[in-house]
Structure formats: structure tokens, C-alpha cells
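Read through the structure below, which is laid out as C-alpha cells, and then see the notes.
Going by the order they are written in, the chains are A, B, C and D; count residues from 1 in each one.
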Amino acid sequence: MAAENRPLSFSSDYMEGAHPAILEALVETNLLRSPGYGLDPYSDSAKEKIRLAADAADAEVFFLVGGTQTNALVIKSLLRSYEGVIAPETGHISVHEAGAIEMGGHKVLAVPHKLGKIAAEDIKKVLTAFRLDGNRDHMVKPGMVYISQPTEYGTLYSLEELTAISNLCREADIPLYVDGARMAYGLASPSNDVTLPDLARLADAFYIGGTKCGALFGEALVMRGRAKVPGFFSIIKQNGALLAKGRLLGLQFDTLFTDGLYFDVGRSAIAHAQKLQSALQDAGFRLFFESPTNQIFVILENRTLDALSEEVEMGFWETYDANHTVMRFATSWATTEEDIARLIALLPRFAPKKQL
Amino acid sequence: MAAENRPLSFSSDYMEGAHPAILEALVETNLLRSPGYGLDPYSDSAKEKIRLAADAADAEVFFLVGGTQTNALVIKSLLRSYEGVIAPETGHISVHEAGAIEMGGHKVLAVPHKLGKIAAEDIKKVLTAFRLDGNRDHMVKPGMVYISQPTEYGTLYSLEELTAISNLCREADIPLYVDGARMAYGLASPSNDVTLPDLARLADAFYIGGTKCGALFGEALVMRGRAKVPGFFSIIKQNGALLAKGRLLGLQFDTLFTDGLYFDVGRSAIAHAQKLQSALQDAGFRLFFESPTNQIFVILENRTLDALSEEVEMGFWETYDANHTVMRFATSWATTEEDIARLIALLPRFAPKKQL
Amino acid sequence: MAAENRPLSFSSDYMEGAHPAILEALVETNLLRSPGYGLDPYSDSAKEKIRLAADAADAEVFFLVGGTQTNALVIKSLLRSYEGVIAPETGHISVHEAGAIEMGGHKVLAVPHKLGKIAAEDIKKVLTAFRLDGNRDHMVKPGMVYISQPTEYGTLYSLEELTAISNLCREADIPLYVDGARMAYGLASPSNDVTLPDLARLADAFYIGGTKCGALFGEALVMRGRAKVPGFFSIIKQNGALLAKGRLLGLQFDTLFTDGLYFDVGRSAIAHAQKLQSALQDAGFRLFFESPTNQIFVILENRTLDALSEEVEMGFWETYDANHTVMRFATSWATTEEDIARLIALLPRFAPKKQL
Amino acid sequence: MAAENRPLSFSSDYMEGAHPAILEALVETNLLRSPGYGLDPYSDSAKEKIRLAADAADAEVFFLVGGTQTNALVIKSLLRSYEGVIAPETGHISVHEAGAIEMGGHKVLAVPHKLGKIAAEDIKKVLTAFRLDGNRDHMVKPGMVYISQPTEYGTLYSLEELTAISNLCREADIPLYVDGARMAYGLASPSNDVTLPDLARLADAFYIGGTKCGALFGEALVMRGRAKVPGFFSIIKQNGALLAKGRLLGLQFDTLFTDGLYFDVGRSAIAHAQKLQSALQDAGFRLFFESPTNQIFVILENRTLDALSEEVEMGFWETYDANHTVMRFATSWATTEEDIARLIALLPRFAPKKQL
């Protein structure tokens, strides 16, 4: 189907396959033989490139298939049985993993959020309350902190905010883990001031998302210092998370971290998203909030929503009030100039009437 | 690299990528958008084709990424907490899943094998011993049976043997689960008399392996009757086994079950394997046993092994005695006429001296 | 030590050993031999008496050692892996079991409380929100409801409130489980209108607390209908919760349910508690709330607290404000007339000045 | 019932309640108040006495309710997720804990036994095979060794045997854990040369059994060095294994370790058992093997078995052949001179005819 005729869709950032460069690499190497389980030269090369990009020569890098899998493995590997993980109440592990963390044996200690983010002081409250409780030995001990960058709302922790959280974790002697499912879109945001080396310095573990950022599938988990887990290869295997043809993951990340493709993927999506966000504002639409990354949230009157839905697929975010709904437009590596132009051209027809 | 110059390798059947038809399908559909998590039309179509091929209209079909993952999910979903799974002592779940079944909470009740197979009467012994034991409420209850077809040794259960095991399971009111990681190679074997519909009729659950049979990755799990598990989608998600772009799995199996590709893949590998096995025998090599499928086992003198290893990659199987080693040649969908011809041409040079 | 000289203590209701009748029964039967694991005549007799007292001839009764153990076993036996348990945010399983429920694999879905109680409508909100969520298959499914009677605050659900919750659970087809660690004190409260037969009729499972109600240790778990779990004996064993000398539990509950001892134990503690509560009010102390059971909560100025603590042990409950603290007095089967008289005699000295 | 008229029973060593001294201590202290959860002076005193008796000033001591509970907690606390525990195939954890170890996530790596014992060289084989296996990262790693002293057969490891196993564990850097459910009977055996200090020196963790050795219930777990687990109190709580009135355990072990009661309990049972064993031999009965502890095993013709069962309760051990059965006589702290005399008096009537 010619791309220009396909239905307009901004419903999510994992609707298509892979960035063409990745697909090409898969095709080219298809008949080469390589050892299984990630012990292949593509995986080695990709790990080295990621260590370089994160300025973390000592880091251990593992490639996994998906985000929930990665979160579950990291959290159960880093916690003692009676410890829980502090997370935003909107965090992916808090709501959308069907209880993966609890199945691993651990409580999610949910903290109130602001647009997906939690503050160092709110984390501190949990840590202090636990420390001072006379019954603390009968309670779940806060044993690590989970956040995402960008968050589920597409918002970003600033370097200052992340540093505050990191310092707090180090004082409390607990690891900080960052879920980077959409990291490419965070790194490419004009308002972002947290680089990969910052992240590697401030977090004990984090993952660089592939699935939503140009890969067919896959996430690159980076672990440092206290977050290096003995026997993690066997843990991956034991959890059914070891890909037989590990080369498939290595090759994808090797491609993403060659000539800055991962950053290009992010920049392209962000440019499209920001253009769309401006156009929405110019057309008089009300934003839910001003988003720095690839997810744009707009408050639509329900009648407008119905009409606009005929022309373009969006994602439902949440009910705003009886007459309004928050909808999400997500761009990705696969969004084209043309997609955006077509969408922007539609907007005036659906824009709220200007109040004179 | 031109295929004809590449090093000869028969070390395993998952060294390459995917069958070209699968790769082509992935490339063609790369920019099409589809809903995530397997709710796409390719997955629907593939499920329907599998139900048809297995003559199991009522079956539930799920696509998963790998074999250990599939085994672990099925077993923990079908057993009560205090039940264990009967399996050959050489079964994949018994030895090579790093404790995945135990992590799911269950004991593997290992039964002695003959070339990877277990007999109905040996299973019966376990069931009877449990039933008669005065302390059985303090013991792990045998709650299901796990076998593989073909087995890890490449051997096959005959229809009669499988029927006996199935009948026993039904009398005992426990499910029978068949691991089909290499099923294409079993189905295509000239000595095989167990069809997919037989399997669907005799087993309660089984999976049709993709990873080793032409797919990039993926297994198709089929569940019937008592083995249908409420909420299995959520179980997949909770275990980190839900692929975001589920389409990738659906598309691969849709391709494999179009125009009999899955069976072609098997037939080609089997033809190559049987040709090799005959050539080995003709050249005077001693087989470990006569294999009906795509894994050929030969007993090599250790000096021969060293010399032959310079020319071709094989897989180590087991030590035979102080001077001999059992080595495995595995063919696959990716094995070519040329590979086999080159290998056969080598044999006379390494063949044991005929005893006159 | 003569009882009259011992320090005054109301810090909790499990500081002493067992009701003398229980100890006597243990001494008398000490050298009798009986089969282990609860298969003894005392256990049978106790089960029968409990079925009778609860008017639940079909119920299964199990004796366990402690409350956390009982909660954990019931919850993990009744839930599917991806289900969670709705509970008050102050419930014992929510805060004081060190993550036992999560270790069993399940999320506690905490609901806001009023003095330890949750309302049917708040439970309904959770059920409805889940049912309507488009992503519900990615979320933890609410699979049962946990409440306690009396609650951790010593408050009681009325028959009307309990019926509303029970109806809701039946509509939603999920079990209702009631933690009755202090049930004797609830049953004996003048404001209670929920009998044991009511509880057995409205809940699917509940336990009758022994540890805090006159036994040395032990809880009697009652399960009906959908809450009867096949192989629960083996589940108890597997969880290390099977007492070798099960007779010890059977005998204690047989004694408690002979001649109404369990109810006497409750009545005595309640009479003492209510007398104390009246005396506190008469003396001008401010109650945190008016308690219907054996735990009396008073708001003390911190200076008063310090002074009073020299004379009597109380339990810390929570900080009220910068200058005040909520303290708890707990009575039990072991509280004597004399204890109460001595405490009441102390009160005037510490009472707040009347505001004229 | 007067003891002299009670039916003769040697079916097990946990049929009665507690040694009178323990019951007396419980009665005496019944109304004393003490803090819960083992934070009481009796527990402190008992721990100190056990450290002294084991010459292990640095040891941590915990009191638990039962053996399966203790085994499960120790094993899951000491192993990484992908590790298993080496144990005799007849070990309690291998067969009679209903899968408690697997529920904790771990494989029991069963090793062939001789009368319940395993040899250092057999353990070594498992360790070596794992170390040399090219797929070891896909396999369960042997992570600790479990044995029992005395074993389930009542046999004893000699100091030399235990030292060999301990050395092996230290070389392999894995902990050795000893299940001492019947330890009193081992320590008191004339053929025993392993003292409590030896055990504390050679094992990393072990427990001193109370339930079968004079207590109402309870086991004393001793952990040293690498086997000290951070947060073990919370682990106990999380597993539902924390007794509210921990004093009950402390008091019992305090009594058992005062004036050598624990050793007296053992000596008395052993004296009775050895007397019985000699009498059996003298009367011409065939022993299954010569037992050093409190369990005596005799091979009975099935007709003799039926007849003798009318007079005395024994425990079924195993089928010997079509016409013979191995039966067990167990003595305990509760066995009296009179019991033994009555049993011995019976023997001639049932003894096999001497072959002339």
C-alpha cells in the first residue's frame, strides 16, 4: 500500500515493524551462522557501543525482548525477598504489568505522581517513615526506586531532579533503576538535559528501549556497580527470557548505535511531535499539558473527538470531564513529514471556536 | 559471503535467521500498522490455519517467543501448587532450563529414558507409587506429563506409544503436554506416524516450534479442553512473555502454515539428514543410534573427532568412552544440497578403517 | 509473682500464655498418644463444634498456627496468578505481614478506610474501574476481598455493611475472606450484630482467632463453597504450616468451643474494656473514637503520656499532632478486675484539666 | 488413663505432648507478660545457652515452629534463584515436604543414599559434572548441601564423613546445612562422635530439633558466617513463620538447654531403643540394619506383622519382598521402662523359628 494513502494513525509508537536500516541488517545477515544466546559478535559489538555511548566502560549490558520482562528481572534480582520497590503510582510496573512484580514476590510501594514523575522528597517520606516505624521488621522494606525516563506521560526528569533522586538512593544505600522504554524520544527532546552518560552515572541500572524506538523488538539493559547481579545470564534463562538467536537483539542494537541512528530516530519523532503540538496550539486546541517528547496530549470536546476519530486514529488517555476527553497523539521513527502535514491540514476543521 | 565458501557447520539448527519466505513477509509488511499484543489480523489468520492443520477447531492458540518460556508458562498454569510434572530425566525442563520449572514452584519428577523417550509403564509406576503411598499428602503429587516430540535425541514416539501415554493421563485425570520445539522435523520423518491432528487429539497442550523450524523466533502453543487456562493472556503478560508487536509472531506462523511451508521446511532438513546418515554408515562410521529426524549422532574416535573438527563444526553430545565421543550433526531448513555434498565428500578421509 | 503486684500492662492482647482451661487440657492429655498432623480425635471434635457454632455443616475447618500464615495460605490458594486482593489500606495484609501476600505472588489492592473499615461502594469502584478499563488484561484483576472483623482499629462491620460487601462479592463472583484474629472480642461486643452463622453465611472463608483470644496459639480457618480448595492439606504442608502435633491445635479449639468458653473469653475482655472506656471519658480524657471492642484508643497530651507511662504500659498507636499521641489500651481474656480497678484509680491524677 | 494400661505404641517419636519439665515451665510462666515475636528474656536466655552448648558465640539463633518450615526458610534464604540444593534422594526435603523447596523456587538435586546418608564423593560428582558442563549456564547450579543428622533412617555421619563433606562445601564455596530434627537422639548415641560444637564448626547452618525431642513443638536454627542472612526476622514474618508468643519457643529451648535436659532426653530414648534392638536380635528377629539411634528397623514376615500389630503399634517403613515388610519401632523421651519391658516380653511369642 502506498504510504500516502494509508489511514492516518498516531495511536501509538509501536504499530509498525522496524526502522529500515534494522530490517536491512537482518536481511543481509540472515544466512550467516552465529552462536546462540547472545554469545555472537553482533551482541559483543553492540554492548561495546552502548558502553561507549553511556561512558560506562565497566557496565554489564544484556539484551532482552521486552520491557515488562526487563523490569521484572531487574527488580527481582536486586531486591531481597522482604523488600519492595518505590515507584510512581502511574508507573508501568504499578499498573500495566498484570502483577509481574508481585509474581516476582515484591510489593510496589506506589508514590503520588505529577504527570508521571515523582519527587525526591516524596521518596524520602517513604524511606523515613519506614526507618522510624517501630514495626518496620514486620513491614515491606523500601529496597529500590523505579522511575521511567521519559515517563508514561512523556515528561522528563531534569538533571537536577534525577540527581536529587540518585543522591537519596545512595544515602539510603538502595539502587535506582530507570525504565527507558522510550528513551530515544527523551534524549532527543529539546528540553532534555539528561544524557546517557548522566543516566549511567546517576542510576544503578537502566534500560535503553528498542521496541518503541526503531527496533523490531528488544531492550538493552545496562547494570553498574551494586546492580551487577552474579549469574544474570542464568536468571534470564530461568525466566524464559533468553532468546535462542540472541544475535537478533545484538544486531538490532548494533545498528541503532552505529552512526547515531538511535538519536536520529528520536530526533525525527520529536521534530514531528513538536510541530504537531505547535499546530494544535495555533489552531486553538487545549493541551492537557505541554509535552517535551513524542506523545502529545490534547483535551477534546467529545463531539470533536467523535468527528476527528473518523479521520485519524488517536490513543485514548483519560476522561477529562463529562464533556471532554484527553487524547494522545504519538509520533515515532515511522512517522513521516506527510503524515504530519496531513494531520495538521485537518486541524482547522475541528478546532474549537475562538472565544472573541 | 557466498554460501559455497562459508565454513561447514552442522552444530545446531538455530544458527541462521529465518526462512527467506518469512523474512520477505516481514519486509513487505514492515510499515503496515497493526494493533499490538497479538490482536492483529496476521495472528488471527495464523491461529485459524493452525487449528485447521491440527483439526482442532476448539483449540486456543497463543504465540510465544521461546521454548523455555512456553514450557514454564504451560506447566505453572496447569499445575496446583503441590503438584509436579513427570518428565524424562533428559527432558529440556529437567536439565536445560536453569530451574525455570522450579522457579514456577514445581518439582520435575524425572523418569528414566530410552534415547529421550519414556514409556507409559514408567509413568504408571510413578502414578501408582504416589497413589498407594500412605504419606502421599506430604508428597509432591504427579499432576501432568511432559514429553517432547521429537525428543532431545531426535527420536519419535509412535502413535501407539503416544496413545498409551495419553490414555494413562486421561485415566489419571492429568494433562499431557508435548514440547514440539523441533516438530517440523518430526512430522517430516519417514518413520513418523503421529500427525498434527493425532497430537491435538492425544495431548491436552502442545507447541509447534518455530525457532528451530524456519522462524526467526517463536512457538505456537495449542491448548484444548482441560488445558485451556482462564486469563492466559494476562498470565503471558505477567510473565513478561507478551510481545508488544505480536504481529511479528502471527505473521511468521501465518507464513509457515501457508502452502505447507512448515512441512516443507521439515522435509528438506530430513532429506539432508537421512542422506548424511546413510553416507556415514556407508563410509563405515558407527552411529550412536539410527536417528529418524534431523539430528544424526555418530560415535567418533577422539583422534578422528579432532581432525574432522578442522573441517566441519559439529555439536558435542556426550562422552562415549575414554577414546570415543558422541557427536551430533544437525540439519535444518537452512541446510543446502551443497552443504551436505561437501560434508559427504569429506567422510571417506575420516572413516574408520574397515576391519577385515 | 503475685498477680496483684505485677506491673500494669495493657500494651497488647497476646502478652500472656493461654486461658487456664486450655493449659489444663494440655497438661491432662500430655501423655496420651495421638496421630500427627491434625488427624486426631481432638481436632475432629473441635471441627465439629466449630461447624455447629457457625451453623455450617458443610464447612471445611483447618487449624493453623498464626494469622499471617493463615492469611497468606488462603489468599494464594484462592487467587489466580494475575489476580489481587482488595483490602483496606490499614489491613494487616496491607502493612504488617512483611510482604507475605506479595511473596505468594499477589498484589494487595488497597482501598481507603474509615477506622479500619472499607465500604461496599469503595470496593465496587475498584471492581467497576477494572471492568471498564480497556487495558484490563494488562492489569491485576481484583480477585477477592479481605476484611477483618473486628478490624485492626477494633471497629466492627454491622450485619448490613457485611451483607452489602458479601452481595457485591457474589455479584462479582469473587470470594470474601474475613480475618478474625480478634473475633472473640467482636462477637462479645454489645454493638455487634454479626454472629458466627452470619459470618459463615456471608463470607466464603474466615478464621476464628485463637492466639489473641485465649489460646496459646492457633487459628481456626473455615472454608465453604467456592473457597474449599482441593488438596489444602498438602498446601499447608508445602508452606511449612503443618504442625506435627496437630492435636495441640485441635485440643485448644475443642476447649474454646466447649461450654461457650470462646464467648466467655470475649465477654470478659469487653466488659473490662468498656468499663475502662467509660472511666476514661468520665475522667475527661479525649477518646480517639468510641471503640466497641477490646482496644480502647485515647488521645494523650505528650507530657501526660510520659507521666502515665511510668505507671502503666500502653501501646503506641499513632501521632495525633505535635503535642498529642494516640495510645491504645488492650484488654484480653487475661485482664483481671483488679488490673482495671488499679488503672481506673490512676486516671484522675492524669486527667486533662476541665475547661471551665 | 494409667500409663501401664495404655496400648503399646512405638509408631513414632512425636505422638505425645512435651517433656514434663517443659509443660511445667509453661504452666508456671503462663500469666507473666512478655514482648511478642521472640523479643522476650526466655528466648534471649535460650539463645545464649545454645551458643554456649555449640561453642559458637557468634552464631545467630532463631526459633521456628517446625522442621519443614525451617528447611524451606533456610534453603530459600541461602540460594540464588538459579541454584539448587544437593540432598540425599531420601532426604526429608526430597520426598516429604510436599514440594516446599520447589515452591521456594529451587530444585532438589537428589544424590543416591546409603541408609539415608550420602558420601562426599557423590556430592563431588555433582559439583564436578556441573563445573565441566559446557551448558552449565542453562542448568541449575548446585548451591548448597542438605543432609540430616541423624538421617531419616536414624543413621549417623561420623566426624570423618561430616568433615569430608564440610571441606568439600568450603572448597566449592557453598554452605552446608544440617537438618537435626532428631538431633537429641544422635547426640546421645554411643556410636556418635559428632558433638554440637563439631556441628557448629563444620556446618554453616543447622537446626536442633525440639518437636521430636521433648518439646511441644519448635526447632532452634543456628546460623554462622556465610549463612547469616540479613533481615532473617522479616523473612520469618513474611513466610508466616513468626510465632506471636515467641516466648513459648524460647521457654521450651531454655528448659531443654538447662541442666542438660536435651541430652537426657536423648540418652533415655537411646537406652530404650538399644535395649529393644538387642532383645530383637536375641529373640532371633532379623534387623534391616543395626541402628545407632532411636529408630529400630526389623524385617518381619507378613504373617508375623499382622499378629504383632494386634499387640503393639509400629510404623510401616517399606516393603522388603513379597513376604516381608520392614517395620520401625521408634522410642522417644516419652518411652518408659515399662513400655520396653512389655514389648520385650512379647517378642518370644512372635520370633521366627530358629533354623537348626
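Brief remarks on what is shown
Just so it is clear, a residue touches a chain if its C-beta (ideal position, glycine included) is under 8 Å from a C-beta of that chain, and two chains touch if they have at least 3 such contacts.
Predicted model only: the values in this text are computed from it and were never measured.
Interface comparison, A-C against B-C: more C-beta pairs in contact at A-C.
Taking the mean Cα position of each chain as its centre, B sits at the greatest distance from chain C. The interface in C-D, A-D or B-D that matches A-B, meaning over half of the contact pairs are the same by residue number, belongs to C-D. Separating the centre of chain C from that of chain D, both taken as means of CA atoms, is a distance of 35 Å. Chain geometry summary: the mean Cα position of chain B and that of chain C are 53 Å apart. In whole angstrom, the spacing between the mean C-alpha positions of chain A and chain C is 44. Annotation for chain C: residues 81-82, 97-99, 103, 137-138, 234-235, 237-238 touch two or more other chains. Only residues 1, 3, 6-7, 9, 12, 14-18, 20, 23, 26-27, 29-36, 65-73, 97-100, 103, 211-212, 216-217, 234-235, 237-245, 248, 334 of chain B touch chain A when the two sit together in their complex. Within the complex, the chain C residues that touch chain A are 81-84, 95-99, 102-103, 105-108, 134-135, 137-140, 316.
By the touch criterion given at the top, residues 76-77, 80-82, 137-138, 141, 230-231, 233-235, 237-238 of chain C touch chain B in their complex.
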